[in-house]
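Each structure below is given as structure tokens.
Presented sequentially are two complexes of chain A, the first with chain B as partner and the second with chain C.
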Partner chain A sequence: MTVHRGRGFAAINYPIGMNLGGDPSQALVHSNPDGKFTVALSAIDLGQGMKSVTRQIAAETLGVPIEDVYVDTADSDTGPHDMGSFASRGTHRMGNAVIRASEEARQVMLEAAAEELEVDAGDLVTDGRGNIHVKGAPSRTITTMAAAQAAQFRQGRTIAGRGIFLIPLSEVDPETGEMSPVTTFAHAAMLVTVEVDDETGEVTVTDMQSAYEVGRALNPKLVEQQLRGGAWMGMSHAAWETTEPYYPSRDHGPEDFNTYLMPGPGDLAPHHISILERPAEDGPYGGKGPGEMCANPVLPAVVNAVYDAVGVRIDELPVTPEKVLRGLQAQGGARPRQAL
Partner chain B sequence: MRDMTSDGPMVEFRKDLFADERDDNLNEVGKPTRRQDILGHVTGRSPFFDDHLFDGLLHLRCARSPHHHARIRRIDTSAAERMPGVVRVLTGRDVPVNLNTLLSLLDFGLDDEPILSENKTAYRGEPVAAVIAETEAQARAAAAAVQVDWEVLPHVLDVEEAIKPGAPAVLEIYPENKFVYHGKYDHQKLRYGDVDRALAEADHVVEGRYQMSPIEQAPIETCGAIAAPEQNDRYVCYTSTQALFFSLGTAAKVLSMPSSRLHFIGGTVGGGFGGKVDSVHEPLAILGAMLTGRPVKYAWDRAEEMQVGAPRGAERWYITDGVMADGRIVARKFTGYFDAGAYTRLSSYAIIKGVGHLPGPYTIPNVHADVYCVYTNRTPATAMRGFGITGVDFAIEAHMDKVAETVGLNPVELRILNAYRDGDMKAHRRLAKNCALIECAQVVAEKAGVTLSPQMKAASSLRDGGGARAELPRHTATDQEGRVEGFTATSYARKGGGDSPPTTAPPPRPASPPPAASRPSPPAPSQPAPSASARPEPAPEQATKKPARSGAMRFSSLSGFRRR
Partner chain C sequence: MAKTPVSFTLNGSPRAAFADPGQNLLEFLRRDVGDLSPKFGCGQGTCGACTVTVDGETHLACLVLAQTVEGRDVGTASGLARGAQLDPLQEAFMDHFAAQCGYCTAGMLISARALLDRNPRPTRDEVVEAISGNLCRCTGYEPIIAAILSVAEGRARA
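On to the complex of A and B.
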């Protein structure tokens, strides 16, 4: 019995948002009399952090502290239409809608402040800490709370904003496939190290080195969470999971987590992540969407690493010990390559 | 910035790269702010759909087909109705509009899937009746007591078997087991340059076949919904959906109800990964609440989530590359088969998305693809993380490894050599911008100690793209293979589609070598040939019911913005 080590590489890009567009998102933003903002959406927070990333985008755009903003989602009576949380579209589409809604609300807030300060609204800036002041003259200042109170109780203004982001639906040429799929792509590269046991056929991923380009990491912790979890999912797709182990036969379909296998904490490989940020022209503060693409490079990197380790090409996922052993048997044993 | 330990940092931000394209002077964006809802999540207080357990809540469970493919001679619910705790048993007759396709929300595709099947089932686990009872155990017991007189039909499970002449027809409206694109072809084409000529001129030809497995989305919270009568003659629906208005629109359509009478609440979901888009639970839970006047919960158990819930579909890809001795890829040809399972759901969309993604992140002057959405007698496939992309990226990147070995290049250098750069023309005929593949590959190579040549180390996404690489091919080889008759184009596909379909198809070109398999095949025995003048009739059992809709429906009209 010998354990063979191998390395495999893959690189990918990933389209952000629904293919061909036609997937609008809307947002409503308003302030209460204390200058505290509510962002109303119907986006779904699946755990990816939709509420948190839109909250940061709203606070940034409004120019107020994060704790002055809460996101309310998803109630169809109060949240305006959104296409949904899929296709890596949430941050890109909804983020832009929130920016637009926040800009409109901010403008009213600045006009209210301008009236109180008796200056031009165009000369005002926010400090992000709850104050509005004249650019270059920090002493001529009013709090966002005072501006909101003045707007609502003295001036009769509603500090609110509406936002929508839509890339209109485009068409596909049936003859050539010419189309405008999306406006921006995320990127990734991945090198995994595996160990293959030539007696049992078991494959263990022992290390992952990755680089992910995400436009802008709007919240670095949320990005890391997506990349770490997504790469785990990719590793699981590569070497563990399937609902139909003998596809296309439907036999032996698992019905619970005792038979539907996934890596547990003890199976996790150290994953060294590098995050690159090349802002998307039309992304919210340049953001793309890291949620889906993080899994994709792991699948091919694992099969390439198995080949590097023992010379067996597994072209049908998942990489099971059975497939590895059959491959080893067919070629008369391991043929380590160590080419990478 | 870079905390290099002996094993390297677990996470690093390469702020040095693309620094001049970013303004990093922001207040809130870019901060690792703790999520707004985390305290509720970690203390078990965040309300998920299943936390809305109303007094008097009823439970709905479905009776399902045990066969891959079977005709329903008779459904007898009388024994189930007499079981303890049973309040009501629903069959297809109770569903106001018992035929839908999710993509009607996007004007795409024909209604093909019953909510509760009445005449035929096309996969093991397809629902034929829904039992509503006082407890989940009672509903489960009564669902097992629903009697169905089945006539088992021949079935097909493999995508390439399914498109052979004489294969059992999974769906009557697509008798050749292939979705129809643009009302015109039985697959989606990508044609860019002349692949066959470039393959003939290449130094090496590298071929491969790849199979992506079906995968369960495996959220911790299984899919479900709880509906209840609300005041003002409305219904509230708490749901685990990933797409609130998509599910609301689907329910409004299936229940033939103005969207204004539906109040959907969700937004906090225990994982989705694509498996919570299909809007299967909301319509039945609301229908149950309508017909019983009580709150109704419909949720999958884990076994249903894994075997009845739509998985990531399997995909099979054939790739042929033409490569020069120096590693430049000059031609890439794909034949792809998406296993949609028994109904379309979202697979037809994923294929267009996949075709727009080809040939991967590389600048290749000749690209050709035929991609088929194939029906088989298995659980319908649906979205999953990376939908339309993950499977083909597996194929492409496993194939790149073979290409690297063939030409004797380091696999990382092969990627950098062929990577797309700003200003390059892509196979879907749009210019590339905002590229970063090369930089990702370089960063990984550096970290992992892979030696790159000085030229590959110096390569950049920002340089050496465009120019001649921005030009469209002088000649693109096109063809009429896979032409179908009898379908009309809708939306996505209007361009060049069937606005005025010719009465006779142009003569097909000689078939290309396998596995293209795009020859017109005769209809399966006992299946009517598609009419040459109109879209196929709906299945007979549907013809006597209220038509689902007279034409394609826009999402905006479905969600009520135009209806009132």
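On to the complex of A and C.
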């Protein structure tokens, strides 16, 4: 029995969003009588941070403290329409919609403030701390709360904004198959180290080094959280998980958590993450989507690392001990390449 | 068959409710006692989302008969905080972003609390062992391990 070490590399481009009849997201923003803002949207937060990042985006665009923004994703039946939380589209699509809605609401807020201050709305700026003042004359000031209350109780004005961001459907050219379904790609590269036991066929990922290009990391801690958890899921898909181990046959397929294999906390590989920021031109404050693509580079990198370690090329995931052993048998044992 | 009264202590407070024959502790706690912090994940003792303590020892509530906690002390995640004062583990989970969807979190916290109560300075391997019965799909486990170790090493926020 010998344990062979191998290294594998993979790089990916990940398209943000999808192309099923166009890809729209809508957001509505309105102020409450206390000068705080509610952002209504139907992009559901599954723990990936949708509410946090749209709250940041709304506060930044409105020019108010983040504490003054509440994001309401309560009900996708009654909220403004969104395609959903998938395809790594949330931050990019919904973030842009929130910017547009917030810009419209901000404009009304400034007009309400201008009426109170008896100045032109174009001369007003926000300080991000809950105040609106005349540019160059900070003493001519009104709080966002006072402006909202004036709009509500004196001016009869709704401080509100609508926003939609739409990537239209890209029709497929019937002759060439050409289309342009996406406007933004995220990128990732990964180097993994594996150990392959040539007696048992077991593959152990022992180290992961990655670089993810995510546009601007609007919330760096949430980005890191996505990358770390997503890469773990990629490692799990690469070496463990399947619902049809003998696809297309359902034989020996797992039926519950007892038989569905996943790595546990004892099967982790150290993961060293570099986050590269290249703000996207059409992204909200440059953000893209670090969702699904966290997992993607791990799978080909693991497959390449197994090839590097023992010379067996696996082309169906996951890389199970059985596949490795059959490959070793077919080629008459391990043929370490160790090219990397 | 008749329901059976079960008197026990939940997070330090005396409680009583009627249990159906054969009812498991998870359903009993959630439906009849009203503590929703233990989660129903698999119902067969594999995922750990329903982890509770019985007399200080971790158990999977879905595999415990409700009637067997008569007179015993049951601990759930809703008992970790003292009013507004969170358990250091809860603070550490926030600081380390150790929760995403949150479904495993209550069970993770109970497994971690039970570990630290019997072993205040566990090694990383001991932490891994303690949470090995709790599945997490979101975090990749590393932030959870880091959060627990930070409390063990006394580096958590006070």
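The definition used in the following text is that the second predicted complex is superposed on the first by the 334 of 340 C-alpha atoms of A that agree within 3 Å, B and C clash if a C-alpha of one lies under 4 Å from a C-alpha of the other, contacts with A are read in each partner's own complex, and residues count from 1 in each chain.
Rule of thumb we're sticking to: contacts are C-beta pairs under 8 Å (C-beta built on N, C-alpha and C of every residue); 3 or more make two chains touch, one makes a residue touch a chain.
Because the structure is a prediction, the values reported are computed rather than measured.
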Practice prompt. Check whether A:Y285 is in contact with chain B, with chain C, with both or with neither, and answer first, second, both or neither.
Written response: first
Worksheet item: So, does A:G47 touch the first partner chain B, the second partner chain C, both, or neither?
Response: both
Worksheet item: Which partner, chain B or chain C, is in contact with more residues of chain A?
Response: B
Worksheet item: Touching A:T143, do we find chain B (first), chain C (second), both, or neither?
Response: neither
Worksheet item: Between chain B (first) and chain C (second), which, if any, makes contact with A:P254: first, second, both or neither?
Response: first
Worksheet item: Which partner does A:Q155 reach: the first (chain B), the second (chain C), both, or neither?
Response: neither
Worksheet item: So, does A:N32 touch the first partner chain B, the second partner chain C, both, or neither?
Response: neither
Worksheet item: Where does A:I12 make contact in the superposed view: on chain B (first), on chain C (second), on both, or on neither?
Response: first
Worksheet item: Once the shared chain is lined up, is A:K221 touching chain B (first), chain C (second), both, or neither of them?
Response: both
Worksheet item: Now for A:M233: first (chain B), second (chain C), both, or neither, which partner does it touch?
Response: both
Response to the item:
chain A residues contacting chain B in one complex and chain C in the other 46-47, 221-222, 224, 230, 233, 256-257, 262, 271
Worksheet item: For chain C, which residues count as touching chain A in their complex?
Response: 41-42, 44, 46-47, 97, 99-102, 127-129, 131-132, 135-145
Practice prompt. Provide the residue numbers of chain A that touch chain B in the complex, in ascending order.
Written response: 7-15, 19-20, 22, 42-47, 49, 51-52, 55-57, 59-60, 63, 65-66, 70-71, 73-77, 79, 81-87, 128, 169, 171-182, 184-185, 187-191, 209-213, 216-222, 224, 230, 233, 237, 241-244, 247-250, 253-257, 260, 262, 270-281, 285-286, 291-293, 295-297, 299-301, 303-304, 307, 313, 315-318, 339-340
Discussion item. Taking the touch rule as given, give the residues of chain A at its contact with chain C in the complex, in rising order.
Written reply: 46-48, 221-222, 224-225, 228-233, 256-258, 262, 264-266, 268, 271
